[in-house]
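Okay, so here's the structure we're looking at.
Order of writing sets the chain letters: A, B, C and D. Residues in each chain are counted from 1.
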Amino acid sequence: MNVLVWNEFRHEKENPVVSDIYPEGIHGAVADFLKKDGHNVSTATLDEEEHGLTEEVLSDTDVLVWWGHKAHDEVEEDIAERVKQRVLDGMGLIVLHSAHFSKIFQKLMGTGCDLKWREADDKERIWNIDPTHPIAEGIGQYIDIEKEEMYGEHFDIPAPDELIFLSWFEGGEVFRSGATFKRRNGKIFYFRPGHETYPTYYHEDVQKVIRNGVRWAENTNGPKHQYGNAQPLEPITEK
Amino acid sequence: MNVLVWNEFRHEKENPVVSDIYPEGIHGAVADFLKKDGHNVSTATLDEEEHGLTEEVLSDTDVLVWWGHKAHDEVEEDIAERVKQRVLDGMGLIVLHSAHFSKIFQKLMGTGCDLKWREADDKERIWNIDPTHPIAEGIGQYIDIEKEEMYGEHFDIPAPDELIFLSWFEGGEVFRSGATFKRRNGKIFYFRPGHETYPTYYHEDVQKVIRNGVRWAENTNGPKHQYGNAQPLEPITEK
Amino acid sequence: MNVLVWNEFRHEKENPVVSDIYPEGIHGAVADFLKKDGHNVSTATLDEEEHGLTEEVLSDTDVLVWWGHKAHDEVEEDIAERVKQRVLDGMGLIVLHSAHFSKIFQKLMGTGCDLKWREADDKERIWNIDPTHPIAEGIGQYIDIEKEEMYGEHFDIPAPDELIFLSWFEGGEVFRSGATFKRRNGKIFYFRPGHETYPTYYHEDVQKVIRNGVRWAENTNGPKHQYGNAQPLEPITEK
Amino acid sequence: MNVLVWNEFRHEKENPVVSDIYPEGIHGAVADFLKKDGHNVSTATLDEEEHGLTEEVLSDTDVLVWWGHKAHDEVEEDIAERVKQRVLDGMGLIVLHSAHFSKIFQKLMGTGCDLKWREADDKERIWNIDPTHPIAEGIGQYIDIEKEEMYGEHFDIPAPDELIFLSWFEGGEVFRSGATFKRRNGKIFYFRPGHETYPTYYHEDVQKVIRNGVRWAENTNGPKHQYGNAQPLEPITEK
């Protein structure tokens, strides 16, 4: 499977706290653990030409992982549209943390995708509420993260197709932290944790969830539907 | 309740078959039966200034009913965005028939909203599969429509929050004909029937469903959520 | 509308803490605030003949509110089945707090309906995550309850049709606190708060939610479907 | 994976039309094509001791496939309960055709599971409406079945978690033909076709769907949740 990890890659260049944690960038860290599953993993970042998301690259990608935060607006409109179209055509999409506000996620959801947030070292506990889901394979009752940015409800998304994780935050909020959405041939998984100033992507269970998510999001070789004018399959009586 | 019926209003001006059926336009016919419920009903059409959808008009509208077909592209981008924003802020939206391909529906769904279609006088039978839904109030097991345009699956929408009606077509297709979607504070109901060359909007049960839909879509005075940076509601321990 | 509030009514007779809070029983307190909506409200309790749930009483009931805790097993099997049948036939059902473990809720869910619990004066904050739902009408972003019993995930229910409320608990848990389910012609609303040793049913917002729930659960006069052998509606070709 | 195919196995003994089509029983035919996937497949039937569903057999079964029709009532209550409990504990369940009326399906759904039916050689066309679902892998836009028993809406089930297939019937009905449900740790797939007097289980696409369903229904090694009294994970302030 060809997996592409996309990262805005700005915090790492500007903030030594972040580059200390992720010396190869967040994309590097995520790509590293995804390679363990034998995928063909590559990376792309905002400042590359066409943000590293050419038609060719996208058509070769089975699952795209997306991290962005402070430069969502710099993603060009037509490239965001291109990614959306590729998802509808069957590419899986894993939306991480602050990518809730990315153009691509907003376009696919149809809502603003806003939420409450706070950077205050909240403890986060991610409860697993769907014990049958392949994305929760190998995870216990909950995942504890010692310190994270808080994201709180209301999370402005459509009701998800499946709700897998719910977060509890020390400061008094809850959040729908793991949720799936289907859009035509594309499978989408949103997963909350991963603020750039914490080493969250080294957390074993967080890695496990993302690895499961990538496997789950792979296209299933389902029907390619035809749209448009269609001849009748059965006789129609004259009226 | 203030209800606004929006119509593209082009077929009626160009095709005498359509204007014979709907001498006051499709919007006129729909507005007529909605008035029976005591709503304050007005209409707007594509060729009016700002398509009749000024900020002021929209902010006074509780539920918007939308019919369009051949001129979706002529709806200006920023006005489509304005309508979308108003739906997210709490205006109900009833999407009729070929409005499946309207910019506003596509934006709110996040998908292409394509389908199969055929103009061949198919008989349509609309089965009611959710006997608890207020939109189905007063409707029997199914609605028969003698002749209609066929719409067939795959209908490229997200899995609806609620699936109320399923259509059977004489030529061999099925279709998810009545479906609801929530987007932030806005309630959306898609209802399939209503091709311009048939007198479908005079069908008593079709009218009943749309009248129910308008009542259902009214804003519920739920919480106005705050988004953005949020102070903790509980103490956070130093770490 | 005829509303029947059913209560086990045992704690109130055995524990002065409870009878001090609810001198007329939990059913009395709930019936009191439901009367404000002009419903015809009556009550029934476990120790009455047929638990006060005769065929006649049930067939006259539009919405049944159920509170039980320590004596679920004493509800006779055939009466639980009778209530279930009446729900399937269109009676609304409001399931409160520890009634998660009632026979009637288990039968309608098909699962065990188990959960984590703790009586330790947890603070509870009930977040509203569906701003469009009529059950949330008039409620703010969240409801704070100073002290309550904790219920924690995993809550062993099917994925609800609609998820309206999520609880945050001081001790570190989350819970799906407000959820709707449809079963044939019956609408069901589960609402978490209401442990017998706290004055929760005097909380204005808790009352508002239950009042909204009762209105929402009323039968919608949808189609009464016919089941069994059915003649074809269209000609079938000989094969 | 250990797969158990359960069949009532009565029609085959009593009706030569059926035994001509399925000389090894429906269970034999289904087991045959499931073996192609390398599973360890065994069978059990109603007239065996404990219906072939001992505690030991069930605890060794990963996915159970169930076909029954005329003798649902002869399945002993406590064995139906045992199967239900095993599903909740993580055994997958594939419910075929007339097993919609089996005790085990009714118990897990919480509804009556009734429907309309007709034995009249209807043509059936099963439309695929979820192109992302692994159960639809390798299937085209629809499956045509020349002659089948008709099942029509309303199908008295809870709204499914996922709706994959919709059937069109020649006589004018539609039906939700492929649907998934989760119940605690168990995954359930209902698939409509398979009346005993037609050779439906030799249809390649029908086989493909059932093979996909069995793979999908396997337990995912998700969390085994603890229920009951729980110590706080965070300190609770005295109040």
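In this text, a residue touches a chain if its C-beta (ideal position, glycine included) is under 8 Å from a C-beta of that chain, and two chains touch if they have at least 3 such contacts.
Quick caveat, the model's predicted, so the values are computed rather than measured.
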Chains adjacent to chain A and to chain D under the stated definition are B, C
Looking at chain A with chain B, do both copies bring the same residues to the contact (over half shared) or different ones? same
Between the pairs C-D and B-C, the one where more C-beta pairs touch: C-D
Hey, what angle do you get rotating chain B onto chain D on C-alpha, to the nearest 5 degrees? 180
So, what's the distance in Å between the C-alpha centres of chain D and chain B? 36
Compute the distance, rounded to whole Å, between the mean C-alpha positions of chain B and chain C. 33
If you look at chain B, which of its residues touch at least two other chains? 123, 125, 128, 130-131, 141, 152-154, 159, 161-162, 170, 172-173, 182, 184, 223, 225-226, 233-234
Report the residues of chain A in contact with chain D in the complex, numbered from low to high. 123, 125, 128, 130-134, 136-141, 161-162, 170, 182, 184-187, 219-226, 233-234
Flag every residue of chain A that touches chain C in the complex, lowest number first. 125, 127-131, 141, 152-155, 159, 162-163, 166-169, 172-174, 176
Show me the residue ranges of chain C that touch chain D in the complex, using the header's touch definition. 84, 88, 107-112, 114-118, 120-123, 146-147, 150, 152-154, 156, 158-159, 161, 170-173, 181-184, 223, 225-234, 236-239
